[in-house]
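Structure record follows, encoded as structure tokens.
A, B, C, D and E label the chains in the order they appear, each numbered from 1.
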């Protein structure tokens, strides 16, 4: 099928995008100045301490010290590290110049229910500029019953980004009781909608999860759709249009080979890169560096 | 009856309206500078990706690429294309000058219930100016239990439009559990009220749906009213007063002839034009261009 | 009783009020520059299209065209016409100079329940200045469960009016489930409280309804009060203190004589004037002009 | 006991307080420039028309005319009159210079339930400056479920007062369903907490009610406390720390002697003064003036 | 185990932190200019009067006079006193220069339920600057269902602190019905999450409670964790990363030896200091001064 073979060609290239100068130069730094430096992206995220609490660090207590992630990002030659204001202000000074920063602007704990999830700002676009960041990260809970609050808050951020030439990486996360009633946050229906929302809202880069099959609660036509994993990935990449797609790694997998085949699958299907956190920093340091190198080698095969 | 024959004469003409210069010159561009260029309007909307998700594109996957709609708008000689900030920023640069832009300022997903619907801003009137738009689009959920929030937000937009000379196209959509209890969003009662609200709120152009018959839940005098479709259309056009009325096409119809007779009916009854999305861009490109040409030929018969 | 005979003397006179210059000169225009021009007021309101929808116009479809009301206000020699931003911007240019404008700043549809009624702003005091209005109209839902929102919003309007020298006409309307539990919005208890709230909140003119008898749900001492209609009217006029009182006409009455005796009763009991909408513009044009002339003749008997 | 005899010594003196100049000079005017002029305070409040409606005036209809209270405040030689923006703007011009003004900034009707009471602003500190007021009055509903809204709003007022040198008289009123569950708004527990909140929030003067005994719903240690009325009063005065305490008179009492013994009890126990409204202005004018003189004579015995 | 012995080494030192100059010099004053003056902290808090009401002072009525705490802070040679705007403005002038001030910016009463706790601002960072404070205190209710409101409000405070060079001491308090369902506010799970949130949110110093064992309602892996008290303390200190940890004293304990062993345990496990209120000021003055001296002697053993 035409669409399937098109997969990896769908990837937007920086050259083809119409962007204001500030955004363009910052994106260039992420795409060509660091990491694989061939138009692909490998981002190391560290927002789990806020989103999930210290629980996530139990498998590798060394990772509780943010120096661990900074060192991994530098030695593993990542495109950028993504974290919030508290960590950025306390650690970035020790590493600046060596690894680009994506300042995550909003977040919350997972203590209360996600039924009506909303992700409040804990930093501003001006903070990002002040800290020398090359992009901001923003979580949008797609389809939350409080989406009006989410979208309004996002609008302010987007306008600040416009004013200051700052690229936006959107964590487009379906969330809340309404999406649960329609099949859950991981389905193709949910991820596909999220991809489109990212484009409609003016994101530059979107972080998505690999979509799972739909189920009985999913709306049509998704419920009846029978597509394999690559077809599903291609579909969401396409729905993201001119927004570059990063796929998340989700919970930690022990099998390195599966992680690498995951990366290859994403890149084959048109992703611009990956944002793997726990699958990297929950490994011992040297192992994580080694795995990062293997990911980077895959990336090398997808220049743009 | 006097009122019926008056139908098409009720259409407001740009010349007769008292408007500030910025609004007047932008409206002139829409009414006389593009499209039928005779005081009628053919607008191609593309807000469905946000409002309904990628679902709407399944019948014609080519339409997922926004280039499809831009090319259709240009080759189909539309008066304008209407879309949101993300699509405008990513695609408009490739087509600017060739097709006027109506920047849709607010929107939401349809994942949560519409019982207390509210449509948050995702762009500003200043964004519209910056992008060279000739009008802004704004959805007002008429009669929503949260109408106070809707109207207040709209007020800020209206004042910005006043300040910047920007015309407002209002998607006046009855919505929410209260309207459902009073007969539903599509009835003459609902559409007639929406038309008047658009005038009371200071819209320049209003997008409505062709009103259906009222039912047992509709309030009097609508419940007992027995009017045929043209009479219903004339009624809402009249309730819109000096606001120009565009009718939407709703879900896709396969029968071209029915689409065309719909257009003719609207124009006969005083509409200023149509805003057909899915009925256009869910057709194969050449078919859609051809149908657009036929619509334009109908329009040619209603100069003003 | 002393209080009863005092009734009509209670009417505040412009000369005796301590007012900033802008308010004074605008009020002078309403009280002495137009209409009866003897210190009384005849206001023609047209906010029903927003508040009740086109329903209200069914008995006289001609009234759907706002030109009808403007012509009636001018030929009927009213003191002012009161309407919202959309109608003011679209029609005022054709009539300016010939009839003073009271710009109604807030309003809502009656589609959702009034249990927790709140009336959002759809225009600003600066809009009123820009449009050359001589006063603003503001609806305050007295005793609504959301009165905190209502009062806060009003406070901003009041301060703008202070800053810009703009008189405030308050539609002081008891509304919401709490007032229903205490006897309903039309009782003397409710109207008397509303009159006092208007004075406490700094209105210049208040629009009230003729109070009905209290009932079993009304609080004491109102529940046990036995007063005739004139005594009830005098009571609310007195509770309004130095705020001028206009009485509304309510739903249309067919009997002209009753309308006129109503006007006489209000003026005898200390009202400054009337704000009759449907009782005027639901009549055929010439009939409405004639009835307006008769009202004006009554007004002539109450100079101040 | 040491604490009991200390009662009246606890009264803060203006000389001992560290205050910015504007606050100090305005407080001097209240404490030494008017009324008893010996460091005690007699304030005549008139916010009942808003808080309770015209109901409160039935026993003395003359009091419906605000001139009554102004004349009483002047002839009764009060320290100040306390009322809201509407009454201040309409009547103050006739009496200015002769009686200091405490502008009450917030208020509400008692039509809806007080379960989640909140008191919205209807005037600003700048209004108070503009009208020449010597203090502002602010109602804080201590312990209301919406205390977050109450405290935030208060914070803005407090900062404006800081900026403009305006003293704050806090009506510290326990209110809402939570305080009802803990014994009610009048208990020592409730009034004692309110007194402390006034100090913690930076009030200059606090208006409290004479605390009643606690009951079975009161929390410990209050529930088990057995103190007589003077001990309870001394306790709340002490909890108010360096905030001057005024006690309210509550509903009207017919027995003058009881009113006077109440005043004496408050002053003996450390109060700075009283704020009696209905107990004054519901009496015939001459009687009210006479009673005021007797109160002032008591005050004369408590110079500071 | 390596981690256990590391405990006390984890303490962040001022020298190693990358801080803007204003923050650095103010923190220096707290850490080296007052109190133990060796890089440890002893803070005397007095926010209980607002948070709990006068109830807390019953065991020692002398403590109702804020002079008591100021004198204790000075004679007990504390690093700082922490209290709200009302107390700071009324008492600080008498003691300024002799004891640093931490201005507590937010707070609430405990009268309504804590199920959806939120702590509103009652003062601003600019107030802190104006009053010469060396830090601000901010309560964040970690995991409250209204965390979005809490975090947004905090963000504004953090940015003001950034702008004005003001250190932030965060009272990181797990609170609300969701944390109760997950084991309660005192567990290691809750305190550990709170410690991490403080770092993620950019606090400079965090106040925590000594964590208790988890229980059946706690999430894994905490539920199954079997660690002794020192291990639990070390864990939360580690989760706080580069944020200095102060432990609170909680309710008053009569046994001095237990208080002192508590202090020693905290310092052994990496705390930077303590913030004991009721355990100090509920003792008779001389006893409290003596106990404070003993605490200071322990502190002397942990220079940094």
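We adopt the following convention: a contact is a pair of C-beta atoms (placed from the backbone, for glycine too) under 8 Å apart; a residue touches a chain by one contact, two chains touch by 3 or more.
As the structure is a prediction and not an experimental result, all values here were calculated from the model.
Taking the definition of touch as given, a chain qualifies here only if it contacts chain B and chain E alike; those chains are A. Counted as hops between touching chains, the shortest connection from chain B to chain D is 2. Centre-to-centre, using mean CA coordinates, chain A is 36 Å away from chain E.
Once the centre of each chain is set as its mean CA position, chain A and chain D turn out to be 58 Å apart.
Shared contact sites, meaning residues of chain A that touch two or more other chains, fall at 149. Here the chains make one closed ring, and walking it from chain D through chain E gives D, E, A, B, C. Residues 3, 17-18, 142-145, 147-152, 154-155, 158-159, 162, 174, 176, 178-179, 182, 189, 192-193, 195-203, 219-222, 235, 238-239, 241-243 of chain E are the ones that touch chain A when the two sit in their complex. Chain A meets chain E in the complex at residues 49-50, 53-55, 58, 61, 64-66, 84-87, 89-91, 93-94, 107-109, 111-113, 118-124, 127, 149.
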